[in-house]
Each structure stands twice: as structure tokens, then as C-alpha cells.
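Since the structure comes first, as C-alpha cells, the remarks are kept for the end.
Letters A, B and C mark the chains as written, and numbering starts fresh at 1 in each.
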Amino acid sequence: MPLTTVHEGRVYDWSHAVGRNAARGPGFNYVQTMCLGKNGVLYATNRGNENNFGMHVNKVQLGGPGEEEHIADFCEYGEGDGKCTWPFGIAVDNNDHVYVSDDWTNTISVFDSSGKFLRKWGKTGSGDGELMRPAGLAVEKNGNIIVVDSGNNRLQVFTPDGKFVGKCGGPGSGDGQFNQPWGITLDKDGNIYVADWKNHRVQKLSPEGKFLMKFGQYGKVEEPEGAYAVTMFGPYVAAQSETAGYPKPGTLNHPTDIAVDPDGDIYVTDWGNHRVCVFDSEGRPICNLIGDAQVLSKWGQQTVDANPDMAKARRRVKSLEPQYRFCFPTAVEFDPATDSVIVADSQRNRLQIYKKVRDYSDFQANL
Amino acid sequence: MAHQDDIALMAHLMRRAGFGAGRDELEARVAKGYEATVEELLHPETQPPVDAYTLLRYQPASLLPGGQPPMGNVNWMYYLVNTKRPLEEKMALFWHHVFATGNSKVDNYDQLLEQIQLFREKGMGNYRDLLLTVAKNPTMIFWLDNQQNHGTAVNENWGRELLELFSLGAGNYTEKDVRECSRAFTGWTFETKIPRAPYGRFPWKFEYRPEDHDDGEKEFLGHKGRFNGEDIIDIVVHQPACGKFICRHLYNFFVADEPQVPAWPIEAPQDQKAIDTLVGAFRDAKFDMKPVLRVLFNSDFFKNARFKHMKSPAEVVVSTLRLVGGHELPKPGIGELSMQPTYMGQDLLNPPSVEGWHTGKEWINSGSLMARVNFVAEKIGDTSLPGVQAIINRLKERGSLSPEQLVDGCLDQIGPVEVGADTKQELLSQAKEWGQIAWDSASNAKIADQHAAEMLQLIVATREYQFG
Amino acid sequence: MPEAQTTQKDPVIVVLQLTGGNDYLNTVIPYNNPLYRDNRKAVGIPDNQIMHLDKDYGIPHYMAPLKQFWDDKKLAILHGVGWKESPRSHFRAMDIWHTCEPIKVGTEGWLGRVAREFDPKKENVVTTVSFGPSLPRSLAVPGVPVACVGGPLEKYGFLPTIQGEQRKQVLERFAAMYKPAIGTGAVMDYMADTGIDSLKGEDILKVAPQKYSSTVQYPNTPIARKLKGIAQTHLADLGSRIFYCDHSTFDTHAGQNPGHQNLWTAVTEGVDAFMKDLREHNHADNVILLMFSEFGRRVRDNGSGTDHGAGGVAFVLGEKVKGGHYGEMPSLKPEHLVQGDLDPNMDFRSVYSTILDKWLKLNPAPIVNGTFEQPAFLH
């Protein structure tokens, strides 16, 4: 996979990676979702594990390659206000208030941008305003919060104070129905895109929740002959990685998140296929991004520099390609200010950032 | 009652070939028939696989768990509790007992989980193929230092354990055979893998290095030739000792407790005829496992071996969680829960050495007995769990129960479980203290539920309940 | 020999098993012997990392805490321990150490027999306390109770969720169900004994962590936690005479240099804290600590580690131990090796015999199945 992908007028330049495995401080610990604040600030929910209990939200200032800074950790593991058990969804509103869903306690907690706890709501159940494993979150222009109520297979809307406003959806695979959805995003017109996880598709709804469009169908590959399986579920690194280890465009395997850019192009994290699929606004597949982290992130390099035996081992490996590739990417954001596609490469505890290049002109082919 | 016998026999089959079954499942399986059930167990592909994606949504760290527990244990526990392919999972546990590979040295739970997946996929296939796959499994190579086994400096660890523990058993080869065997496996190694810093673990990939291989003439178990590893395996599987060793392992795991493996060269099997039957099937099937298992589960010696097996900690924990229900989702606390077999003496994915665990009676000591009783009692006493409610609902069907009916009903619904006369007397004495229990009013129902749960707790605390 | 100050308490033995086959030659290093360097091209300890005990032997720097015990003459080093034709198999070799039966398959652990001598009527079910989840064979004799503390000492007991008056009734019913009955078989009887003894043990042991108070900080390693549990129990004066714990795995086929270091750092730091704790409470005089492993390792390394061998080293440490070398390191000369291994020249049962005879004041012969010369490492 080349570092610059050119396809149907879109050009994606791999820029840099951010992160490393860390339960707190600079790094990530199994990102579930993320959201962008103002001026390149990113918030991410970290699932942690039951060894380090590194469940938390972290706030990172993004910039050019190597300019990232870790700003804060908050909403850490524990009981009571301001703590979490299973942090999942995250969204930020116009006041820089951060909303975090917890899919074990079935609550939505609200923090200010420095991480100070403000309020929370949520009750377990299936009635109006009740939640069951709430997943992704999105903030509407009017400040209302849309919650992907994944255990109830529906979307619910709340005021910023947690008052129930409305709902849509229900279990099933028909139009407007969901099966354990994960992530959500809104485009500039307020249309709602939901990653319908177990239906292996993305659905687009109007701001009122009416079904508009769907795309994607189930597809995955078996392990190709002679490929190197990075995990027993892939990705597979083979001689022609682009095609060998990846199913055809338009097929999805448990998609988790979506982002929409100002051109209307749609980015879908095809979690089980370890890639980001780019679709146009009609839902037609354009190209795939499969992860191209050939250069270590700043924090990653720091770790390697501190461990000479790791550095030595890296030099002996026949091919570092397995390390370039996404492994279960869970979330994607598009930052219009920098034209960046930011992907949470969750199993590798890093972000991979691509730039959508605007003024690209074809290079001279006979250089 | 013929039906009751069928239920009891099916419960025995499901305990051994899987991790037990609740009454609803037992009734459905009895309706299907014993032989048909054996066939279904032998064909796991007819049932859906475990949905690993749900595990990874809620516990993403269980895919690449690193070197410290419990996320590796979480991963396997999820499969054990949720699988609809019980014999496939039980065979993976069986082979993990035999090809015991431990995290204390491997330091990569991801690699050990891949080994378990290998046992799921190939555990009921052909034994010779499985042995060859294991010989090429980088985790096994690392565990037994075969990557340090060079033509110029032979390391005998893998060569010895292949013969002593994975195929023939002690006493069926000489020290020279160990040496020659080890020579044949020189060059069987793995490529350097991308190290774990900074982005997590990557798996090994097997590599054969011909330049490191000693391809000189070897003399192994009376055969001469320029043997490589595959040749050794071919010679080994055809040794009569191999069939006897593997079939004795199968007998010990599925039928009845044998003495510990180190005693096998000295002490004969308790049922030589049964072993001979299995060995015959093994040989006739050219080392395919399914025909042997089919013979085993359909045999009289198996059917008559009820409660002759001390449940391993894995069986205690998994069968309890499957019975009581409510543990299908990997909820918070799954880490501690997945370590329960460890506290009972069986640290899954981390056996104390390549020789595996001491089984049978040796699972029991004052520490582990306490851990087993405490764990099962806590779960079975939790009336909020669906499986416990299901048991109590069946008891409720009568409306009211005398002390005898309570004891018999509980013994039946939780197994069926058989207890000795003295034990039964004590259970009855306890039930008599409570008198008749009934669900005829809200307040009586509350008391009845409580006493039913307490009776279940007493039953799982008995000695008899430790057998399966 | 003048009678040393005693605390008038019964002698106690603590066994720390080094599981996996500890490498003798990198533990007690014959640093002046050129054959050491010749055979240990890969895993030999560099000269500047060896702490000299005397002109012939040293210990690696990572065993430093033991040096003080050596200088104070409280550490006995037992050379070349093993037995003739020892197997190179972990299970089998460790079973033999545990049961003193090199030929047949032994069923009785030597310390189980000791416990039976101390307390034939089972009047004190915490006579033997083992720290670790599995019961070692050395402690196992049918009918002899062992308190097996698998987790933290504070949490030891049956059905902990049932409390109060109900607990008493439930535990009584439990005890009644665990009465041994005729004709139910050996395993059922074994479980009956186990259950009843656990009940009694629970009552006794729960006192120990409650009474404990100390300034000593133990390192946060599994072996140090076990040694702390032993200290707490010993300091509570519950009449426990036999303590057992283990650390693993010493099976350093590969990567021996970092591996061996990690293992011995944890062990020696743990032992150091343990002895400090006992001394602070004036409870060290009646305790000795035995450290042993099931075999030593091959003389020639395999490029990264060492493989299973034969003759090994054992240590005995304590206030009443006569420090020094006992026995002699077997010759490293190729013509003297047995299958490439050090030929054991001190039978392991000799070590046990000294402990049994001189410390525990028992007749060793029936316990170790024979009469063996006794190295004189105890006053």
C-alpha cells in the first residue's frame, strides 16, 4: 500500500501516527470512540483491561507530526460521580462540555473540558429515556444529545440536562432498524449516520430520524494461502496486501464508526476487516485505507529508545509491514480545519492520520 | 423410570464430553437420542462458532492480552462459557493438558490462545497431523527451546518431551533416542517477530532453516535414516506405545481417574480391556481421533463410569457458570472470575510445567477444596441468576414440597447428582428443620426460594458433588 | 559446644522449594576453575559480577543478601546433592525429593511423615502450613492435615458469604456431611479428612494476620508474600512446625542470564525480609530454612541456557546453623561427569537426615527410607 493513495479524484496522504500502549499518560488503552473539540483537540474513551484497570478518557492536542501533546486524563475507573466502569461513547458540545456514555452503568456523564465532573443521567431499562448499553454519542446543532442505545437497538435524543426528547429505531435488519449499533456522526445538514454493527452496514437518517439510505453488506476474507495472520482474525499480510487480505470494496464486517467530510465523502471503520472504507455521498465505495504506519509515533519512538533490546529486535525482523496495518480500528473523525482523517487503530493503541490533499496534481509519469 | 435413566445418562455424557447441561437441554437431547447426540458432539461444524466479536467489543484487551493475567484467561473463559460446540472446546482443554504450554515462560497470552485455537481446529482430526502441527507451532518451539536446537549444538528439550509426554511415555525409548530425535528437529525454528514495544504483540512465524539442520544419519527406535522431524513423527505414531499412551490419556480425561502420568510405566491401567479397545480403534482409524471418541462415548465402560472422575477446576468453574447462566456477556469482574480455576489449582494457559497438572484426587487439598466449595455455593445460592431460577421454577411446579421432595428435587435438578446414604441423611435432616415449603403466597414463596437455594448450596458443598 | 540461648520453643522447619532445576554452577560458582569458563561460554557469570565467598567459590551479585548470612556463618552450602541415576524429568525428580523413593513410586511425603510423628492424634491441624495453591507431595500423607493457604491468609475459610448464627449451623451441617463413612472409598475418605481439617484450620489460622505487626517491608513478589504469610503464622505461636512454599521456574534452558537473576533476586530479597522479621520479633532461634531444587543442570551450556542435569546445591540457613561448605563440588573434568552432568556425591537424604536427627529430634531412617551419613551443619 503506497503512502499516497489516489482514487477517483481523492488523494490521501499518510501523515503520521500518534500514541503507544499506556494505561494513563501519553498513549492509549483500547480506544472505543473519539470526538474532536476545537483547534485540534481530541477526546478518546479508553476501555482498558482488568489487569491495569486503565479505563479513562484522555484529551490530546493534535498537530503536525511529532507535535502532539497529552493534556489530561479524566473519568477514570471507579465508583461514583466522575468515574466510569466501561467508558464508550464520547461527544463534545459548543460549550466544550464533554459527554461520555458508560455501557455498564448505563449512564451519560458530563464534564467540562478540563475534566471536571458536572452532572450525569441514565437509568437501566427499555422505556423512554432509559438506557441499555449506550454506545456512540453525537451533539446536534441545537445542543441536544443523540445516544446510540445499542442494547435497545435504537437512537434516543436527550436535552443537555438529560431530559428525554425522542427516539427512533428498534431491533431488526429492515430500514431504520438496528442490531447493536456502535458509532454515530452527523453531517453539516444534521443528517444522522449510524454504524449498524451487527447488520454490517451504515444507515443514514434525516435529522428527524427518518430512514434515508443504507449501504454496505457483510463480507470478510478467509486467511489467504501463505499470508501472515497478525491475529487469528486478521489482518493478513500477504504479497499483495491491498487485495489479498481484504474483501472487495463495499463489504463490511462489523463496522463501528463513521465520519463525513465537507465534500460529502463518508469514512467507515470496517472494524472486522481492519480498514477504513471511503464511500461517496451516495454510498458507492471509492477506496480503502488499510494503515500505513511505516514511521513510529513520537511516543512510540520514546519507548523504543528506552529499550535497546526492542530496537535490536526490530532490525532483525524480515518485514515490519504487519506493524503498518490497522488492527481492529474502532473510530474515525474528519477534521475539516486540517483536512485530516483520524483513525483510532485500537488494538495497536495509536491513531493513524491521513491528509485529504486538495491541490494534488498528477505527477510526471516518466520521472 | 426409563426416562429418568436416560436423563441421568445424558447428564453424564454432557458432563464428560462438554461442561454439563441444564434440565431443558438434557430433555431436548434425550429426545434426540444418545447416539445422535454423540454424533452432534463429534460434528462441531454443525453448530455456530463462538461470537468472538462480541467479546472484543466489550473486552478488546482480550485479543492481545500481553504477558500478565487475566485477559488471556478472560478470552478462553468466554469461549468455554458460551460455546455451542462443547466437545470441540473440551478437546481443546484435553490437548492443553497433554501439550502443556505455560505463560510463565512464553510471556505471550496471545500465542497461547492461538495454540488453543489450533487445538479447537485440529483436536478432533488426525493425531499425526496434530503432532506435526504442534512441532511447527512457534509457541511450542519457544516453550521447549527448539529454536536453540542447532545442528552444531543440540538442545534436547523438545526431543525429550515429544517422546516422554506427547506420544510414547517414559520407558519406551532410550536416552540415545532422545538425542537422535532432537537432532532430527534441528533447524525447526521461527522468524524474529516484531517486538511488543511500542504497539503490542505480534505472533511468531514458523521457519525451517535447512542450514541449521543436522541431516546426518540417525538411528531412532531401531530405524536408521537421515531423519527429519516429519520422519520421527511417522515412526513414533506407529509405535504401539503411542496408541497406548494417548488412549490412556483419553481414558483418564474422559472416563475415570487413572494414577498420575509418572506412575504409568509402573502401574497398569485400571481397565486394560477398555484401553485395548480404544487403542484398536485408534490404530484402525490410522490415528484419527473422531472414531476413537465415538467408540469411547458409546462404550459400556464409559456409560458405567458415572462420577468416577474428579472434576478439574476448569470443569467446576465452567459447568457452574453454564448452569447458573447470566455470564454470557463478558461483564466487569470477568477478570477475577476467569482466575477462579487458578485459585482452585489449575491456572489455564499456565500449567506449572510441560508435564501439566496432577489430576484426579490430586485436585483436592484443603486449599482447593475450600475454593471449589465456596465458588460453586456462591453461584448456586444466587437466586437472581437465570439458571438458578430455572431450577427453582421446576421445583415450584409441585406447588409445595415435603422435606424428602425438596432434597430429591434439588439432587435431580442440579445434575442429576447421586449422593451416599449418610450424606442424604444430613440433607434430609436439614430439610426437616424447615418443614414443608410452598410457593402459595408471596411471603411463603420468598422463604421457599431461600430454602431451595440453601439446599442447593449444601448439595454443592458435599464430597460427592466434587465428582463428575 | 556451649548451649546457645534458646527460646524454649519447638524447632520449626521452613522449606523453600526452587522449582524447575536450579543451576548449581551459576549459583555457587567455582570461579577459579578454568573448566567453569570453558563450559559456560554463553551463560558464565563475568568475574566482576561474582561475590567471593572464599578463594574457591563465589555467588552471583544478584544473590547478594545471602552474603551477610555467609559472613555471619549462618549459611550452610551443601554440595553435589542428588542421588545415583537420577532422572532428568521434573515431575519424577521432584517426586523423589518429596517421597525419598528413587525406584518405586512413593506415596508418602517426608514432611508428611514428620507431621505424623509430631502430631499423631491430629490435635493441631495447622502443624503443617503450605503457602501456595497446590499441595506439594512432600507434605502429603493420607490422614495428615495440611493447611493449604492458596490466597491471602486473611481470607482463609469455607463459605465466607454466610456469616453470623447461620454460619455456625451451616458449618456444623458441613462437618456432619464430611464424617468419613465405611465403604465409600479412599478418595471420599481423603476428602472427608480434608474437609474437617480445613474447618478446624480456619478457626486457628484467622488469628495470625490479626495479631501481626511489624516494621519490615517485604518486596512485592509472590515468594515474598508467601514468606510473609509464613512469618505471620509463625509469629502467632499457633504451634505450626512445618512451613512450605516454592518459587519457580528455575528451568533455564534458554535466556538463563536474565532469568536466573530475576529468580534469585526475588528469593534472596524475600528471605532477607523474612529473617529480619523473625529477628525483630525474637522468633528466629527455633527456625531453619532449607532451599533445594530437584536437580542441577548440565555442565556445558547450550548457547543460551542449560539443560537438565544431576548433582545440585542446597542451602540451609538459620541462627542455629553452622555455616560453611559441606561436601565437595563434584569434579567438572569430562572423565568424571555422568552423561555430561556433575556426579552427585551427597545423597539428598543425608541432608534430610541431619535436619531430622539434629533439629527435629526424630529418627531419620524410617522417614527417609534408609540410613545416610549426616553432614554436620547444625549445632
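The rule we apply is simple: a contact is a pair of C-beta atoms (placed from the backbone, for glycine too) under 8 Å apart; a residue touches a chain by one contact, two chains touch by 3 or more.
These figures come from a predicted structure and were not determined experimentally.
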> Is the number of contacting C-beta pairs greater for B-C or for A-B?
Replying inline: B-C
> Closest chain to the protein CA centroid?
Replying inline: B
>> Taking the mean of the C-alpha atoms as each chain's centre, how many Å separate subunit A from subunit C?
In response: 53
>> With centres defined as the mean C-alpha position, give me the subunit B-subunit C separation in Å.
In response: 31
> At what distance in angstrom does the C-alpha mean of subunit B lie from that of subunit A?
Replying inline: 38
> Mind pulling up the subunit C residues that touch subunit B in the complex?
Replying inline: 19-20, 88-92, 95, 104-105, 130, 133-135, 145-151, 156-161, 170, 173-174, 176-179, 181, 184, 187-188, 190-192, 194-195, 197-198, 201, 248-249, 251, 253-254, 302-305, 307, 339
>> Touching residues of subunit A toward subunit B in the complex: what are they?
In response: 20-21, 29-30, 32, 47-51, 85-86, 103-104, 182, 197, 228-233, 254, 272, 296-297, 299-301, 303-304, 307, 309-310, 313-314, 316-318, 320, 322-323, 328, 330, 346-350
>> Quick check: in the complex, which residue numbers of subunit B touch subunit C?
In response: 104-105, 144-145, 147-148, 150, 153, 155-157, 160, 164, 170, 175, 259-263, 266-267, 310, 342-345, 352-355, 358, 361-362, 364-371, 373-374, 377-378, 381, 420, 422-423, 426-427, 429-430, 457-458, 461-464, 466
> In their complex, what parts of subunit B are in touch with subunit A?
Replying inline: 52-53, 56-66, 68-71, 74, 110, 113-114, 117, 191-200, 202-203, 205, 331-336
